[in-house]
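Down below is the structure, laid out as structure tokens.
Labels run A, B and C following the written order; every chain starts at residue 1.
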Amino acid sequence: MSACSRPDWPETVATPLTRLRAERPRVHVLTNFVAMNVSANALLALGAVPSMTFRADTVADFVCSARALVVNLGMLDPEREAAIGQAVPAASALGLPWVLDPVKVERSGPRRDLALRLLRMRPAVLRANAAEVETLAGLKGLEGAERLAREFDCVVALTGATDIVTDGEQTVRLAGGSPLMDRVTAMGCAASAVVGAFLAVERDACGAALAALASFAAAGGIAAGRARGPGSFEPELLDALFALEPGQIMEKVEFR
Amino acid sequence: MSACSRPDWPETVATPLTRLRAERPRVHVLTNFVAMNVSANALLALGAVPSMTFRADTVADFVCSARALVVNLGMLDPEREAAIGQAVPAASALGLPWVLDPVKVERSGPRRDLALRLLRMRPAVLRANAAEVETLAGLKGLEGAERLAREFDCVVALTGATDIVTDGEQTVRLAGGSPLMDRVTAMGCAASAVVGAFLAVERDACGAALAALASFAAAGGIAAGRARGPGSFEPELLDALFALEPGQIMEKVEFR
Amino acid sequence: MSACSRPDWPETVATPLTRLRAERPRVHVLTNFVAMNVSANALLALGAVPSMTFRADTVADFVCSARALVVNLGMLDPEREAAIGQAVPAASALGLPWVLDPVKVERSGPRRDLALRLLRMRPAVLRANAAEVETLAGLKGLEGAERLAREFDCVVALTGATDIVTDGEQTVRLAGGSPLMDRVTAMGCAASAVVGAFLAVERDACGAALAALASFAAAGGIAAGRARGPGSFEPELLDALFALEPGQIMEKVEFR
């Protein structure tokens, strides 16, 4: 029974956050150039240790000494695509969980096809927005997310004004965060990296996705209360992730 | 008659800024690695929606669903150069306006030659600094800018302590901004991206360049008043772009 | 007699900082994608003028018009590796000093081998952390740093809670900075870039490394006193580097 069907939120959220800070797991993140810096900083703020090499002939060395992998398709260049082809089988062989973020598949047919091939390689979590889920599922919103979760036997984390986490059977909704997040680049990519960090310490993929999105949304809510706009929002978000207490999550995020 | 010869500034500046926020146009930006994050954030702060893929075999898909293109030659690698070779003809075929930013052509002969070849492909706006204009025109300052505008039938936006926008016949000067901008990387690149965003909603290239540089300079002036140095300047600039009112532009920027 | 053996700190630190601001030297930085933006901003804040092109067929043009070179192996891709192969001989031929930052050599055998090959090409300074020094020297801590300095006839700057600068015979320790620096990505890479900037104006490699690490640590200490967490730390660090006075260095950093 996954965490999606047992909503003891304080426990679901607090335990992996505490473990993340105590264990400081290595997470290898294959992501786009715009998202690299803020994703690395989000992981460091939470206590994880990121690496980001995307060279095909060395990426397996980095994956093998990490505890989770993040695969983000934004701005995909041939070198990173080749690295994904090495990293995903390396992670699978070791039983490492991995996250897929199918950035902007609605704008490129070849990228959509690659995302579908990667889904067949069993990511633990697919983290996507509404347009990406619709493109991959052929159905909108929750229905699309549930279809993808069932077809590919993964957890789908569909983020937006309200976030949805579903294993295809049970679904949890999280309300929180801030509209300012749409005005800062790579916030979705950073959220995917954070899902990877939680997967490193929590093997129940529903629990990891919930804890990650709840932590990110809570920090976003705290940051929005302190920021004057999207520029000051990003440093405030990192400060909030660094100092985040489980109690703040329960206060800032509504689970439904 | 271009906007350079009819200086009804409030109208020239206010209308495209309002349209940018209302229409949220997609802008495809081919830029260097240092400039990607801040350029994306500047566009998002103003309301545009950036994409930045530079893979040669997918860039045309992204350009075709965008309303303007930005071509920046900083740190040009072979993959992005190949992408430029796909993106510019795709933009031209669709009648999409594009901006050329010939970063550091004074430091590399091959890059200067590429910039000259691209100028023959009819960018709507060339956005450059003094050293770049001099290298491309063989003449300094306003004379160089006017020569390039006439020779390549484009608008030239020469930025510096005072910005110049010229169509080769009429010239407008803008004074504003802040010397701190020289101490923050990629400010010129971000200004070029902002010109692209204004071109997406304002087809008069003089008007778009004026509105873009005036908005950027006004936000820079506001940010400089709030920042303690170049580190706090960047988030303040993004906050100021996000909240910018046409009235602030008239107050912070002097048109001559 | 190198600066490591004559500890007249105010002079050692103040003179190159003043020269850096007055001369505004160009520094070419071959670094990883995560570190580019913050490294460029750290150099600009201090007064240096960075360039970062890593294309193999143009990098020599940039090196030849620069006064120092920085070679960072983080996220090393084939294009940047080829550029290093052009840039280091170009720098050597011109007598330009260069810094080597062997990022994460403990995680990849091929990268460790490359770092050792580059050490034989005579960098002025090796800037590394404890794990990297141990991997390259086969010995831990100060012993490892001294062995590398003697074997490769370079200055080794080993950074951590306390920084060590050694020429293999004489050693100086600097205590300062902030534990928050471990929670912000690319701080070590930015420190290496700053060493490059000081080498551009101070040819005694011990003196340049000491002045660079002392400046960086002092700015870090000032920033930590103002920041709420790792997000606000980075803009505060850049503001502090911009405004740094020699007197603050003597106050914030302890030399032993």
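Assorted remarks:
Please note the rule applied: contacts are C-beta pairs under 8 Å (C-beta built on N, C-alpha and C of every residue); 3 or more make two chains touch, one makes a residue touch a chain.
What you are looking at is a predicted structure, and each value in this text was computed from that prediction instead of being measured.
Both copies, subunit A and subunit B, contribute mostly unmatched positions to the interface they share, with under half of the numbers common to the two. It takes 120 degrees of rotation, in steps of 5, to superpose the Cα atoms of subunit B onto those of subunit C. Here the spacing of subunit A and subunit B, counted between their Cα centres, is 33 Å.
In subunit A, the residues that reach two or more other chains under the touch definition are 33, 37, 234-235. The residues of subunit A lying in touch with subunit B in their complex are 32-34, 37-38, 74-78, 104, 107-111, 182-186, 227-232, 234-235. Residue ranges of subunit C in contact with subunit B, taken from their complex: 33, 36-37, 40-41, 44-45, 50-55, 57-58, 61-62, 65, 79, 234-243.
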